[in-house]
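Below, each structure is written out as structure tokens.
Both complexes below contain chain A, partnered by chain B and then by chain C.
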Partner chain A sequence: MDEEPERAKRWEGGYERTWEVLKEDESGSLKATVEEILFQSKRKRVIESHGQVRLGMMRHLYVVIDCSRSMEDQDLKPNRLTSTLKLMEAFVEEYFDQNPISQVGIIMTKNKRAEKLTDLAGNPKKHITALQKAVDSVCVGEPSLYNSLSLAVQTLKHMPGHTSREILIILSSLTTCDPANIYELIKTLKSLKVRVSVIGLSAEVRVCTVLTRETGGSYHVILDESHFKELLMLHVKPPPSSSASECSLIRMGFPQHTIASLSDQDAKPSFTPSVSCGPGLSLGGYFCPQCHAKYTELPVECKVCGLTLVSAPHLARSFHHLFPLDAFTEIPEEEHHGDRFCQACQGELKDKSVFMCPSCHSVFCVECDLFIHDSLHCCPCCIHNQSGP
Partner chain B sequence: MASDDDTNLLVIVVDVNPIWWGQQAQREPQFTLSKCLDAVMVMGNSHMAMTRTNKLAVIASHCQDSHFLYPSKNWKGGDGSGDDASSSGDGKYELLSVANNLIAEEIREVMSKSKGNSTDTMLAGSLAKALCSADDCALQYMNFMNVIFAAQKQSVLIDACVLDSDSGLLQQACDITGGLYLKIPQKVALAQYLLWVFLPDSEQRSQLVLPPPVHVDYRAACFCHRNLIEIGYVCSVCLSIFCNFSPICTTCETAFKIQLPTMVKAKKKKLKPMS
Partner chain C sequence: MKLNIEGLLVYFPYDYIYPEQYSYMLELKRTLDAKGHGVLEMPSGTGKTISLLSLIVAYQRAFPLEVTKLIYCSRTVPEIEKVVEELRKLMEFYSKETGETNNFLALALSSRKNLCIHPEILHANIVVYSYHYLLDPKIADLVSKELAKKSVVVFDEAHNIDNVCIDSMSVNITRRTLDRCQNNVDTLQNTIQKIKETDAAKLREEYRRLVDGLKEASVARETDIYLSNPVLPDEILQEAVPGTIRTAEHFVGFLRRFLEYLKSRLRVQHVVQESTPQFLKDIFDKVCIDRKPLRFCAERLQSLLRTLEIADIADFSAVTLISNFATLVSTYSQGFTIIIEPFEDRTPTIANPVLHFSCMDPSIAIKPVFQRFQSVVITSGTLSPLDIYPRILDFRPVTMASFTMTLARTCLCPLIVGRGNDQVALSSKFETREDFAVIRNYGNLLLEMSAVVPDGIVAFFTSYVYMENIVASWYEQGILENIQRNKLIFIETQDAAETSMALEKYQEACENGRGAILLSVARGKVSEGIDFVHHFGRAVIMFGVPYVYTQSRILKARLEYLRDQFQIRENDFLTFDAMRHAAQCVGRAIRGKTDYGLMIFADKRYARADKRGKLPRWIQEHITDGSLNLTVDETVQLSKHFLRQMAQPFRQEDQLGLSLLTLEQLQSEEMLKKITQIAHQT
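This part shows the complex of A and B:
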């Protein structure tokens, strides 16, 4: 069990002299240090470009939420369960924004059992409604890691080989009640290529360390609510896919949106109940190109013929993961001798360093650099240098 | 009524491709680039006159570059207390006259400096620049979609006012961000269309009867022939779309596993002994 070298725990290291970070200048003011700290916090999200690593674009992720008695603890306001569910809503939205062709399912575990809150689906609204209703649920008993993992694996093992199979566990209790040997289950998970990650809300638990190490996931314990949000958002980005995952051509349909008129004799009811005009009938929709079944929303898997239906912008949303933008080089303001204006927003450059794109050498301010790397994913000036056909 | 601290930024991107405008001047002499810019300035002035805190930016986009016409880098401060040459003597709101003069000056500079004779326009670049401050060309598609998704995330509406031919990309942009797409039937009435359809902001639009949304074609184009397809094959690694099954992906060069039908073992039948 202890063949892997354990990394040194924090209490085993020496003292950290955190007070030495703050330095006063001649007049005794801390302004420069405070500005430096703010500047660093703006640049905190380190842009790791994976380069040529293959990423798993189609992901099947199960999120296991612990609903045991320890979730009623009030160290996260108003209590751990409410805070977790609210952060999960934000996570689900961000997840489908970055991975539009992936699916998510939610499992709750309490009272030594596990049950599915929502099945694996590609529609965010269903998950968010379920999460909002789950706030009233009672937290009782102990969680069961074994039961929740085997419930997730029952569905994940039937998923095709080219998708990534992931489980994210949010565990707040320090105990787990399992009906069988969990180390056997870990071996099964490893053979099925399921990657399990854990976010702990209380403290580090040995069985979770082994679980995540064997399956190739990550294990973190939160410090406070903002750290919790950061750790959750780390799981939104597609992970590098393992070399053993197969690559195949997936057959997909791209249906057209048609709006039938009120007098149209052929207006059919659609399978998915439309949110805007109540369950049942809707005037317009997407028709499956293979079997002409009608759906109101995309992406969806056709219930009649099994064809995955998406629209081209859904695939386009994932392109920036495949062609990531390089990080800009940081130049201190004194060394920069060109324009005093940011090329993107036309505002004056007044921060202590400017950022230069390595390919077109145009300079940007701190806010534009953050915006370009987080949301835009393309340099506005490099676009101009691409010559047309 | 907008509250005092509610700033609305309107960014107008004008396509000033010299080839198209030159041909247009020969086709319809009553509607030229200067008339179009007059209409744009009317809309900009109305926007700024509606609320004191409203802001305006105008970008000209042509084949190689996009250029901020207003506000300009060389002009500091928005209080209109610039040099006397730019203030008009007829009692007009200072900001408007400064804006008009600046736009006229900058457009003259842009037109005299532009070179090249392609008929495309760097729309993605202008939109990207527009977002940083507030034709279907295949190379620009990816950057264009990135810009549209960033706009949708920031709740920025993109409207399109099309003079000549329909653009699928702009239709998608307007549909995804929630803006309006309109192809103008009569170009000389541009100012009226701009003021009626595009000037109200998003909260007021729900109370007006505006042109209905167009049917947007969301079909994907296959990477091999650029045809629009309804059913296609998508590579799981690089997400490129093909119309036919092929054993190797041309973009990322991965070999695919071909799905063979599963072999069913023949069941051995037990022979019943004949009695």
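This part shows the complex of A and C:
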């Protein structure tokens, strides 16, 4: 059926009819407008990030992956399941990169049941291995929204009030098989302040609209694979926390990495109670400042005393979400009469517009603007000025 | 907002307006200015009701002498309630804006329990009620007789108005009717006996009055106080009631004779069809009943019932029906036919004789309305092709316009499926109706759609029989079982209680995410009265072209009449009728600009220009050449694409300036130019 010539060809999906907006420039070249479109789509993501709001830094997210019959559909290549799992791997990486002190768990639903693929944990490796294994699973029957949500909620409701409780559902099927009235469950979710977001792979389903609206989540339906990726990445950023959520001071441990010197007579390889890489013997590690349990990786919650162990860079990385860098102002190239070179990469400013930091008035090119906002999270020129005399 | 419509100040109770509403009001104003009739088609969900009300109320206030009353006729009680709700909003807006207390009186007649008989209601500025109050001669006489000539009459959802007219004039007589009538006559006889013993003067007084004739009614008609009653023809008013039925006993005897005659006519073994003159001749030959007393029958009975002071008229419905029949049959020599069937077509073994006295000319019932009121507006979401309504209703409109829906996004997606995946032509036409391949492909279409359309799908079949056959066949092939994995299935039946139960469960399944399919029948209850907003109808599938059952004798007679009297060919009328029902069915899915839905026409005949051209313009303009003869697979691909597009966030800001306007936007030159293109004059 894919060979039928028709309007919506799959391979055209990525550039939805972009030729309709194309215009030739004076020399008859199309290049400029194509770049314009790409440029606009890049720019959009930066602008959309919200300003000063309270964010849930410690996130507990359950991702529910639909593994019902409809996941075998081949409108995403090679099929919906494989494509989803691939994107999920990237998502998990990105998620822990941006939210180092948060946790993720994965639930799969098929055949009217819901099962945990991985428990809530803060280590990306375990999830990624599980996701890679799941590629071979068979897609059968209908999904069950109710069962998935209640399974997730069983764990989430025990999470402390200052953390954000989130569920992200990737739903391919248009039907759900529920054992009880889902609207009751939605009420419970709402009272527990669990935020449910849905990414639909086929079309808008009413019950998801209600579910996300009631719990304060977002609901999106994908257009194609690249859109899917974009939507999934939206969930990497921590959501604004509701004003009602508790604030509390939490104890955290900042262990130093110590390697027992071999010359030390007392040094013995010691046992690590870590879950991620399995119990093993090693010389070095992080020692919990409270109970001296040893861990090879951070961040982790101490198995012995329950203290959250992180390193300072972890916190710092989460920190930038709280103080996002202001979007740079876009100035058309003609109106700009200053430097002809980007302050960051020192390249010549060739694009139609340049970007100016609102506080230090330095100008940047598009690429650097994106890099600064996506990765650096601070303006290099501002930092430079501060450190100077 | 306050609008200026060609110099008329119109208060519009919303902050935003659709361009087509503005255009609609322009056309409406021109109709009122010309004091003529209008036919206006505008898609449902674009705010027809409020546009109508705002403009006409504004007109009434500006020219109180030109237009005194608005008579708004709608079809069902929920629709009437909707009108009243909008009217209330409008009135609140008026009192807020002008600061003066509201001196407008509006009246809604819905059911007897809400009825008010305070004399002040006669002076109401706006009357909202059902069609029947104006069209059905039995009720119109009671309710609408005294409405002023300078009224504006609006028929909303009027795409079926010709059938309403015909039904209101037709009479069906069964054995049961005659039995009840017999009882009525006996009761009359007894009452007359009783009164004769106690109050003979009363009967004498009545007799004297009848000698004077129906002068009163005649005077009233000449002085133009009343809406004329089509059951009471002009000629009768000039004459006195004939001597044969002037006394009460004679009249009862006359009724008995007439009744016996009808009974004898029902004792037939074969189908009889005859014209009214033939019937009159036969009745004269058999029981010596002349044409003249028959014509006075209805009026004479009314007079008798009044004289006898019978309170509960409802008990005498049978005898009233028979006397109305007598008057009609002797008054109209054209436009009616009499068909006597000894049994129903479906059950040829069970004797159930019915005498159909069938009206074939809808203009008879509506004629008084057009003649009396200065402006009559016929409006609906589906009135295409516009020119046929003036022809069958026999009037000359001053404006005929069809409005399109301005859309910020294409929220409707009409697709014509002509072939299955195996290239078998899909059609419900008689020759291929039983064809296994067609049925299988139809099943396949529904199955595939059930997997890609979220929440609710409504499927329409051409008739109950056809639906039963297909569903049985799907069951045998296991298609139903496969569909049920995706969605639950509900079926409309002829039983009203069962159907409303099915509807309720259908909506529940759409609501909680299970998804459901409703199998129903074009022309059934679901296709006419029930809206499937948003998730309740994401797709409508029309299996086949819903032609009316052409073997019916009544229909054949009507087609013949249309051909002879109005020069409308049988085929043209049948196609028109089928397409208006198809449009009604698919239109159920789109009830507003934020709504979206697929419209799937599963029959290759829809691709033909004569069928497609009869769809409303707002649907037609979205049918591209590429979507004329699709296979099932192509349909599924297009649907998937459409549904994903529609699921993208859609906010009010996206509509602003395109399909939703603020006052400033409306006043811009460019927009006014665009608006003139919305109305499509015919």
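Definition applied: the second predicted complex is superposed on the first by the 325 of 389 C-alpha atoms of A that agree within 3 Å, B and C clash if a C-alpha of one lies under 4 Å from a C-alpha of the other, contacts with A are read in each partner's own complex, and residues count from 1 in each chain.
Methods note: a residue touches a chain if its C-beta (ideal position, glycine included) is under 8 Å from a C-beta of that chain, and two chains touch if they have at least 3 such contacts.
Computed from a prediction, not measured in an experiment: that's the story for all the values here.
Partners chain B and chain C fit side by side in the overlay (superposition on chain A).
Once chain A of one complex is fitted onto chain A of the other, the partner contacts of A:Arg206 are limited to chain C, with no touch recorded for chain B.
Shared-chain residue A:Ile128: touches no atom of chain B or chain C. Between chain B and chain C, more residues of chain A are touched by B.
Contacts of A:Asn181 after superposition: chain C is touched, whereas chain B is not reached. When both complexes are overlaid on chain A, the residue A:Ala90 reaches neither chain B nor chain C.
Of the two partner chains, chain B is the only one touched by A:Ala312; chain C is not. With both structures placed on the common chain, the touch criterion links A:Glu142 to chain C but leaves chain B unconnected. When the two complexes are overlaid on their common chain A, residue A:Met159 makes contact with neither chain B nor chain C. Per the superposed model, the minimal spacing between any CA atom of chain B and any CA atom of chain C is 31 Å.
Shared interface residues of chain A, touching chain B in one complex and chain C in the other, do not exist. Those residues of chain C whose C-beta lies close enough to touch chain A in the complex are 421, 451-455, 485-487, 510-515, 534-535, 538, 626, 631, 633-634, 636-638, 640-641, 643-649. Put simply, chain B touches chain A in their complex at residues 63-66, 68, 71, 73, 118, 120, 122, 124-125, 128-129, 131-133, 137-143, 145-150, 153-154, 172, 176, 215-221, 229-239, 241-242, 245-246, 249, 254-257, 259. The touching residues of chain A, when paired with chain C in their complex, are 1, 4, 6-8, 69-70, 75, 142, 145, 174-178, 181-183, 200, 202-209, 220-223. Contact residues of chain A toward chain B in the complex are 54, 57-58, 97, 161-163, 246-259, 289-290, 307, 311-313, 315-320, 322-323, 339, 341, 344-347, 368, 371-372, 375-378, 380-381, 383-384, 386, 388-389.
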